[in-house]
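My questions all concern the structure below.
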Amino acid sequence: MGHSVYLDHASTTYTKPEVLKEMLPYFTDLYGNPSSVHRYGREARKALDQARERTAAALNADPNEIYFTGSGTEADNWAVKGTALANSKKGNHIITSSIEHHAVLYTCKYLERNGFEVTYLPVDEYGLVDPEQVRNAITDKTILVSVMAANNEIGTIQPIGEIGAIAREKGILFHTDAVQAVGSIPIDVKEMNIDLLSLSAHKFYGPKGAGALYMRKGVKSEQIMHGGAQERNRRAGTENLPAIVGLGKAIELAVTDIPQRNARLEALRNRLIDGILSTVENTRLNGHPIKRLAGNVNFSFEFIEGEALLLSLDIKGIAGSSGSACTSGSLDPSHVLLAIGLSHEIAHGSLRLTLGDRNTEEDIDYVLEVLPEVVQRLREMSPLFNQNKGGRTYV
Amino acid sequence: MGHSVYLDHASTTYTKPEVLKEMLPYFTDLYGNPSSVHRYGREARKALDQARERTAAALNADPNEIYFTGSGTEADNWAVKGTALANSKKGNHIITSSIEHHAVLYTCKYLERNGFEVTYLPVDEYGLVDPEQVRNAITDKTILVSVMAANNEIGTIQPIGEIGAIAREKGILFHTDAVQAVGSIPIDVKEMNIDLLSLSAHKFYGPKGAGALYMRKGVKSEQIMHGGAQERNRRAGTENLPAIVGLGKAIELAVTDIPQRNARLEALRNRLIDGILSTVENTRLNGHPIKRLAGNVNFSFEFIEGEALLLSLDIKGIAGSSGSACTSGSLDPSHVLLAIGLSHEIAHGSLRLTLGDRNTEEDIDYVLEVLPEVVQRLREMSPLFNQNKGGRTYV
Amino acid sequence: MYSEQVMDHFMNPRNVGEIENPDGVGEVGNARCGDIMKVFMKIENDIIVDVKFKTFGCGAAIATSSMSTELIKGKTVDEALRVTNKKVTEALGGLPPVKLHCSVLAEEAIKAAIEDYKNKQAEKQTADSI
Amino acid sequence: MYSEQVMDHFMNPRNVGEIENPDGVGEVGNARCGDIMKVFMKIENDIIVDVKFKTFGCGAAIATSSMSTELIKGKTVDEALRVTNKKVTEALGGLPPVKLHCSVLAEEAIKAAIEDYKNKQAEKQTADSI
């Protein structure tokens, strides 16, 4: 079977050939440790500096406000724990949203177990955080606001500029998890009043194993990775130079021509959304109709379960993902889908398809050909679905 | 100038071509996320499992006792913080050595600032920890003993089997930082009674950006990287699959034929040591004469400073490293050299040359040709050196 | 992740459907948890002559539904009660650890259907004996 | 890391050595901290007619020793006192931030040598005037 349609770019992307090409010399020839005095070390240092400059340029930051990490998760952990611990004398209250990635949410839970208080702001049915609710949640104990730039599941884009302005006005640090946003939304840390920002290379056609934390000059933060003096003594560990070089190249590519790439992706995305809505009954588009990432499609299909849907699509050569509990081995479906008001049962039947630069119209048309059949087959097996009545209400 | 002799393998190694070759498909073709249900995800999961099996086999561990991390530093941080925090109800005392890598030492310092007590055991003039001192340092508050398998600067190999036996006998967790040891010393976590062990791929011809923590089944440890459910819910973050695949291949190669590779390295090492001792006066071999890593040479040269020596060698095409403060921008020379009893002034004049699989006799002979001249040139510039008297005592 | 047998039973599930006027029906699980299995049985002389199922759930849930109904078809009620989730899992060539609860679902649905059958039998006998 | 000028002055340092019967000698730093610089001056009519140094220290320490002695050679004592570490660093095309303290060492060594010269002059004058 010839079809192979990858629609899981929000989970991870391939590394673009031109990115890999820049990385390769750093494995076998220019393999020095950037901390070393000798020429191998100096070559490595030069490459590290260049990657830092490229990353800074992509965010309108200063190169020495960029700290490389091993992942987006590490950047999130560091941003939240580091500022919380360093500012705990000022206060112990953190504001975040209920639809953050677990890298932020579980870090907040950890801090709650260690004396911090966390407000998890609700979102509306589209997944939007209301900036006014951020303002109202601020107390004199608040030290950090952390709201993601765009959601990884439903693609909703948050008003981070407005939230940043409120935080700045109140003199409170603002962190944004921009792991899904980089390359999709133009980001300007100065204009948006962002104090800390996390990113992860493998979400924008860079390699796995490299993330970065932007930390505005003067931000008080504790180290979470102790050891060598790397990253200006704030993040220990031999730098993953090939991956960092890849991050630098990838972010440079990612922030170039965002409007053109988005226009192409949005056309495909809308074709997919409209196609599903017009061919499959009892479905629901999750996330915001307009304020959503150009490549994100997220649907709930009533009466069926997400993993079974994924498996069926996979057999047809279509790779997607789901917020179903059964894909993760956890008991509850996605906290994001629950937070936008879906019932457990509907949330279990969710499907996320995230488009990337290599997807074509043919890919979309193929999905639109396959998906209705697959949904129908599963519904016919489902005790919740009544062919004649078109489904019964959930118990 | 044609010479290019890399003698800094303890700092980082090149990635072996056969290792890189196994990694490459995971960037561009098999780029799936191991957590995904679809075929890309399953391919990735298979590769992850294989790397875990290879790593386990290299240590005589069980695959599900292996947790991949982003670096050796992260493995060390996790081993020490994770067990300390999880066992703080049992006690708050940690025993380590004074010559650990900063990834362990600074983690211990961090814990000291947070209510833990740490005993830093002294070492003898060769850098050896005395297992009896470990035994004597144990109190009823002791929860962890962390002693490295081999030292990164002076190459001294510790009696970790004996230390492990003592810790096991007393029911205390034993962690060993084996970042420098893997591939150089045969390691059997069962026989050596090791509960936790850190390693880092780029020290044994694997890529940067992948480390691992071996954690014996049943060891109580807290997570330090919060987020997704990766690594059986104990270490969050999308796996750096290409690097992990590289780690798996590299560790398999590294533990094959250790005796043969060591024999070759030791012959080169001894040629270098003997050559230096017989051509340069006022020098001192640091580390143990026999219980040392096959590839490690560490000398102090009186009257001169290490960074100047490194730079001079670099110009001649020889890449080494130094425990001099001036190479790191810190104020004090290496804590390891001070711990074996060197004065600050002598420690500043240290040179570490670490051999690797590509080094040849010609490399050694070239170093032996260049080094005496270079040392002599710097000594002639030094106010501490008197050509006639052969040097004055330090002030 | 899944064995070939699981994928086969997922893609070509045996015994999907409903039985009109069944002798026993069992439904376990709930939509909130992401899986529901409903089993219909036709039982003659204590032998399960036909069995059908409908399942809302993941691939493992559907495959275990299919396999377990296969394993009990033509068996006596007592034999069917001895078809444990372990046997179903084995027949499927194993399941990933996080999916083992799905095989319990099938076992429970079958037990519930047989229970329902027995209750109905008891009612009938009571009705007969009155 | 280092500029070309630094590397040039490190590899081909100017004015290395000692001066017999110098008019001023300055030594600063200590071996414990990893750098010592010793400066010898020959001064005639308040003009530094010759200057030599010996340095124990890193590449930057040696290069700044070389450059700073070059910059003061032939200058008057007052002009030499105005050669700051900033000027030396600039002349070397800059230094990495962690190495800036090395340029201070050179400035201090020169000041110490001039101080020594002045003290000796003062002593001489006192001796003369007695």
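Order of writing sets the labels: A, B, C and D. Residues in every chain begin at 1.
What we mean here is this: a residue touches a chain if its C-beta (ideal position, glycine included) is under 8 Å from a C-beta of that chain, and two chains touch if they have at least 3 such contacts.
Just so we're clear, the structure is a prediction, and the values are computed from it rather than from any experiment.
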Far-end chain from chain A, centres as C-alpha averages: D
Distance between the centres, which are taken as Cα means, of chain C and chain A, whole angstrom: 41
Geometric centre distance via CA averages, chain D-chain A, whole Å: 57
For chain A paired with chain B, centre-to-centre distance based on mean C-alpha positions, whole Å: 34
Sites on chain C at which at least two other chains make contact: none
Chain A: positions in contact with at least two other chains: 37, 307, 311, 327, 329
Chain-level touch network, classified as line, ring, star, complete or other: other
Touch relationships between chains, expressed as pairs: A-B, A-C, A-D, B-C, B-D
Chain C - residues contacting chain A, complex: 2, 7, 10-11, 13, 16, 27, 30-38, 54-62, 96, 98-99
Contact set on chain C toward chain B in their complex: 1
List of chain B residues in touch with chain D within their complex: 303-308, 311-312, 315, 324-327, 329, 331, 333, 343-345, 348, 380-384, 394-395
Complex interface listing, chain B residues touching chain A: 6, 8, 11-15, 17, 20, 27-29, 31-33, 35-41, 69-74, 76-77, 101-104, 106-107, 109-110, 200, 202, 207-210, 224-229, 236-243, 307, 310-311, 313-314, 318-322, 327-330
Interfacial residue positions of chain A with respect to chain D in the complex: 37, 42, 45
